[in-house]
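Written out below as C-alpha cells is the structure these notes cover.
Per-chain residue numbering starts at 1, and chain names A, B and C are given in the order in which the chains are listed.
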Amino acid sequence: MKQFKKLVVPYIIWSAVFVVFPLVLIFLYAVTTGGNSLVNIKFTWDSFQKMAEPIYVSVFLRSLKLGVITTIICLGLGYPLAYMISKCREQVQVILILFITIPMWINTLLRTYAWISILQDNGLLNSLLEWLGFGKLHFMYTDVAVVMGLVCDLLPFMIIPIHTVLTKMDHSLIEAAQDLGADKWQVFGKVIFKMSIPGVLNGVTMVFLLAISAFVIPKLLGGAQYFLIGNLIEDQFLNVGNWNFGSAISIILALAILLIINLMRKVDSDGAGGDEE
Amino acid sequence: MKRKWIGAAVLIMLCTGVLLGAAGCGGKDKPTLRIFNSGEYIEKSLLTKFEKKYDCKIVYETYDSNESMYTKLVSGSEYDILVPSDYMIERLIKEDYLQKIDWDKISNKDALIPALMDKEYEQGEKYSAYSVPYFWGSVGILYDTEVVDEEDLEQGWEILRNKKYAGNIYMYDSERDALMIALKSLGYSMNTENKEELDEAYEWLEKQRNTMDPVYVGDDVIDNMISGNKAMAVVYSGDGALIIADNDKLDFFEPKQGTNLWYDGIVITKYCEETELAHKFLNFLLEEDNALLNDEEIGYSSSVQSVFETMRDENYKGIDAYVPRTDYEKDEVFRYQKPDIKSYCADLWTKVKAQ
Amino acid sequence: MKKHIELTENDNVNEDNLKVSGKRKDKNMKSKKLGSILYIGLVFFFLYLPIFVTMIFSFNSSKSLTRWDGFSLRWYERLWTDRDIIAAVWVSVSIALLATVVSTILGTITAIGLSKCRKVLKEWILNVNNIPVLNPDIVTAIGLMILFSSIGFFEKGYMTMLFAHIIFCTPYVITSVYPKVRALDVNLANAAMDLGATPFQALTKVIFPMIKPGIFAGILLSFTMSFDDFVVSYFVTGNGVSNISIVVYNMTKRTNPTINALSTLVIIVIVITMLIVNLVPMLAKRQDKTNMKNERNTK
C-alpha cells in the first residue's frame, strides 16, 4: 500500500503553483507599490493604511450589515421551513429537499436577471401592487431589491444544514422530555433548538460569508452606487487598475472571513461542551 | 455490471472532453480579428456578415468603460481592434499601443464627415492619424417634460442638485463624465489637473449623492428611461435620441455651463498582425448600408455624412438629441490625464460611489 | 461555490430518514398541517418565482418582460442565431466537462494517496485544500488573475478559464472522495496484492469500486460548480472567451428576452438531470424491495 503514497505528489505541486502561489502574489501586491512593472517596485504599507480611511471602513461595515440582515432573514425563513420539512413523510422530504437544491444548480446570473424584471418600476410586482390599488413603489436599486436577491439565492444554504441536523436528531431525547412533562414550547426551546445549533451555525456561517463577499447581485439589483467590499475589489482590479490596493482589501476580507469561521467553530464546540456537562 | 457502466460513462466523458478540447482549439486556420468593443456598441449581424464576406473569424468581447478596457489592456490582454473615446485614444497613442491607420486602404474615406477627420487633440496632431471616426456626440440631460419645469432647465447641471427632483435622477456611472458635470458646474475646465478643483468637484458630487439620492447606472439607463422610471438622467446624446424615439414625453438638453463633446474612434493596436483584414473591417463599417444599419441599432451620431443626414432627416426627425451641439465655446473634449491625476480622479470617483 | 457540505450531508439524509420516520408518528392537528403546507408553499413560491417568470416570458411575443402579448417562439429562434450565446453555451459545457474529468481524476488519486500519507503531511495538504473552499470566490479569482497575467505562459481565454475551473473544482472532489477512502478497509488492497495483483490492479479492481459513491458525488459537484461559475471566470478570461454567466452579465443592461429563452432551456435540462439523478436510485430501491417481496411470496 505504500506505493499509493506518491499519488499525492501531483497535487502537492499543483496546489503549490495554483493555490499557494496566487496567495503569495496577492500578498506581494498588497505590500508594494509600483503596479505591474517590476522596476519601480517598493515595499510599503500604504495600501493597508488607505483601507483605514473612513470611507473604505464604511464600505466594509455596509457589507457586514448587509450580511447580517441577509443571514437573519434566511434564518427566520429557513428554520421554520427546515423544521416543517423534517416533520413530513420520508419520501416527501426527499422530494422537497430536492426542489430546494434545484435552484442552486441554476445559474445565479440567470435568476438575478429574472429578479430585475420582477422588481423594475414597471415590473411584475408593481403591476400587481397597482392592480391591488396600492400604487407604484421603487424596488430596483434599493436595499429591498438587493436583500431579496441575496435571500433568494442563499436561502437553500441555510435550509439544508438545518434540515440535516433536525432529521438526524435523537428522538428518544424529545420523548424523554415529553415524558418528564415538558410542554410543546419547552421541548422545542430546550431540546430541539439546542440540538439543531450545529446546523444553524453551519447555515449561518455559509450564508453570511457568501453574502458579505457578494458583488454581482448588489451590482445588478442595487446599481453602481450600491458599493460593497466585493464591488470595491472588482473596481480596483478592473476599472481603476490599482492592483496593490485591491490586493490589500482582498487580504483583509479573507482574514475577516477566516476569523468568523474560527469564531463560529469555537461557538460550536463551546456549545457542545456545555451540553455534556 | 455497475462497474462497467461507470467505466463506460467515464470513458464517454473523457472522449467528449478530448473531442471538445480539440474542437475548441480548432478553427485557427482562418484569419482572426480580435475586437474589443464597448457593450451594446455595434449591430451584431454586421460581424457575421463580415465573417462571411471575407472568410475570417471574429473574436468579439465587450467592456463597460474606457477605464476597464485600458486596465485589461495593461494587464496583458491582446486585441486587434478597440473602440476607445478621444482621451483614451490620446493615451493609447502616447503609450504606444496603436499603429497608424493606412488611409489608402480605406476607400470609403470620403464618406466621413470632414470635421471629424480634421479633429485635433493637440496642435497638428489629428485623432484620425491613429483612428477612424465611429460615433460622436455630447453629454446632456434627458428629462421628462411632464415632470420637469421648463424654467429649471436654466440651472444647467445644477438641476441635478435641485431638491425638487431628489430621488428622481439617474447619473451615468462613468468616472470622467461624472467629474465633468461637477467641474463644469463649478465653472472649471473638465480637463483640470488642479487637485483643489478636483476636490471641489468631489465635494459637489458627494453633496449631490447625499441630498439627491441619485442612482448610478450604465446602459441600463436606456430601458429605465424608456419606461419613464425617473424624471431625469445624464445620458450621451445618442442614447438620448434612441430613448426619445421610444418615449416622446422626454426631451434632451445640453447645459449652459458647457459639456463633454466626445468622439469615439476605431483603432488598430500594435499587436494586430492581420492589418489588411483590420483595415477591411474599418472600411466595411463605413459602407453606407452597414453604417446605416449600425446606427439604427445604436442611435449615436454617425461619422458617415450620408448616414448622419438620413438619420437626422428621417429616422430621428424632430429629435434634437441626434444632432449634438457644436461650436459652443464652453464645450470641451476630454484630454489625456497624467498617471497621477488619472489615479487621483479614479480614487475620487470610487469614493463618491462608496459613500 | 460552497455546495459541498449540503450535498454530501444530503446523501446521508435519505438513509437516516428511513430509521427516523418509522419511530415518529405525526399526530399534528389538521389546521397546523395546513399552516405548514401554506408556509412551505409560500417559501417555494419565493424560491421559484424568478424561475417561473423567466420561463413564462421566454414565450412572450413582445419584448416586454411584464406584459403578456401572446405566445411565440421568436426568442428561441433569436437564441439560435445569437453568436455570442451559442459560443458561450459551448464554452460553458465543454469547460464543465473537461474540468470535471480532470479534477475528478486528480482529486481521486490525491484522496487515495492522502490516506497513506504521514499525519503531518496529510494535515498540511487538507489545510491547503481548504483554502479555495473557504476563501471568497472573488479572492480566488483575483489570485488566479494575478497569477495568469504575471506568468506569460498562459494566453488569457479558454485555457486560463479551464485551469481556473480545475483549480476550484478539485478540492471539492477531494473532500467528497477522501472520507470514503478513509472508511476503506486497508487490508483489502493488501490482500489483493498478496494474492498477486499489481498495485494498479488493486487500485482499479478493489479500491475504485468501493469509493465509487464519493467519486460520483465529486463528479456532480464539479460539473455544477464549473457550469455555475461567474466570478472566477469573469476575472481570468480574455480574448473574447465567455461562458454563459459572463454573456448574461453583459446582457443584463438591456431588456433581452433571449436570455429568458436561454434560461428556460438551462432550467429544463437541469431539472430533468436532477430528477433522474435523484429519483432513479430511489425508484430502483423500491423496485428492489418489491422484487424481494415477490421472491419471498413465490417461495
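Simple rule for what comes next: a contact is a pair of C-beta atoms (placed from the backbone, for glycine too) under 8 Å apart; a residue touches a chain by one contact, two chains touch by 3 or more.
Source: prediction; values computed, not measured.
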Most extensive contact between chains (C-beta pair count): A-C
From chain A, the most remote chain by mean C-alpha position: B
Distance between chain centroids, defined by C-alpha means - chain A, chain B (Å): 35
Chain A and chain C: spacing of chain centres that average the CA atoms, whole Å: 18
Computed distance of Cα centres, chain C from chain B, in Å: 38
Junction residues of chain C, two or more chains touched: 145, 149, 252, 255
Per-residue overlap in chain B, given as positions that touch at least 2 other chains: 72, 75, 218
Residues of chain A touching at least two other chains: 36, 120, 122, 237-238
Touching residues on chain B, where the partner in the complex is chain C: 3, 6, 10, 13-14, 16-17, 20-21, 23-25, 34-36, 39-40, 44, 47-48, 59-62, 72, 75-79, 218-220, 222-223
Chain A-facing residues of chain C, complex: 2-3, 5-7, 9-10, 12-14, 16-18, 20-21, 23-24, 26, 28, 36, 39-40, 43-44, 46-51, 53-54, 57, 65-66, 106, 109-110, 112-117, 121, 125, 128-129, 131-132, 134-140, 142-147, 149-150, 163, 167, 170, 174, 186, 189-190, 193, 199, 203, 224, 227-228, 230-231, 235, 244-245, 248-249, 252, 255, 259-260, 262-263, 266-267, 270-271, 274-275, 278-279, 282
Complex interface listing, chain B residues touching chain A: 64-65, 67-68, 70-72, 74-75, 167, 173, 175, 209, 214-218, 224, 227, 229, 343, 346-347, 350-351, 353-355
Contact footprint of chain B on chain C as seen in their complex: 82-84, 90-91, 93-94, 97-98, 100-101, 145, 149, 152, 156, 158, 208-209, 212, 216, 238-240, 242, 250, 252-255
Chain A residues touching chain B - in the complex, by the definition given at the top: 36, 55-56, 58-59, 120-122, 138, 141, 223-225, 227, 232, 235-242
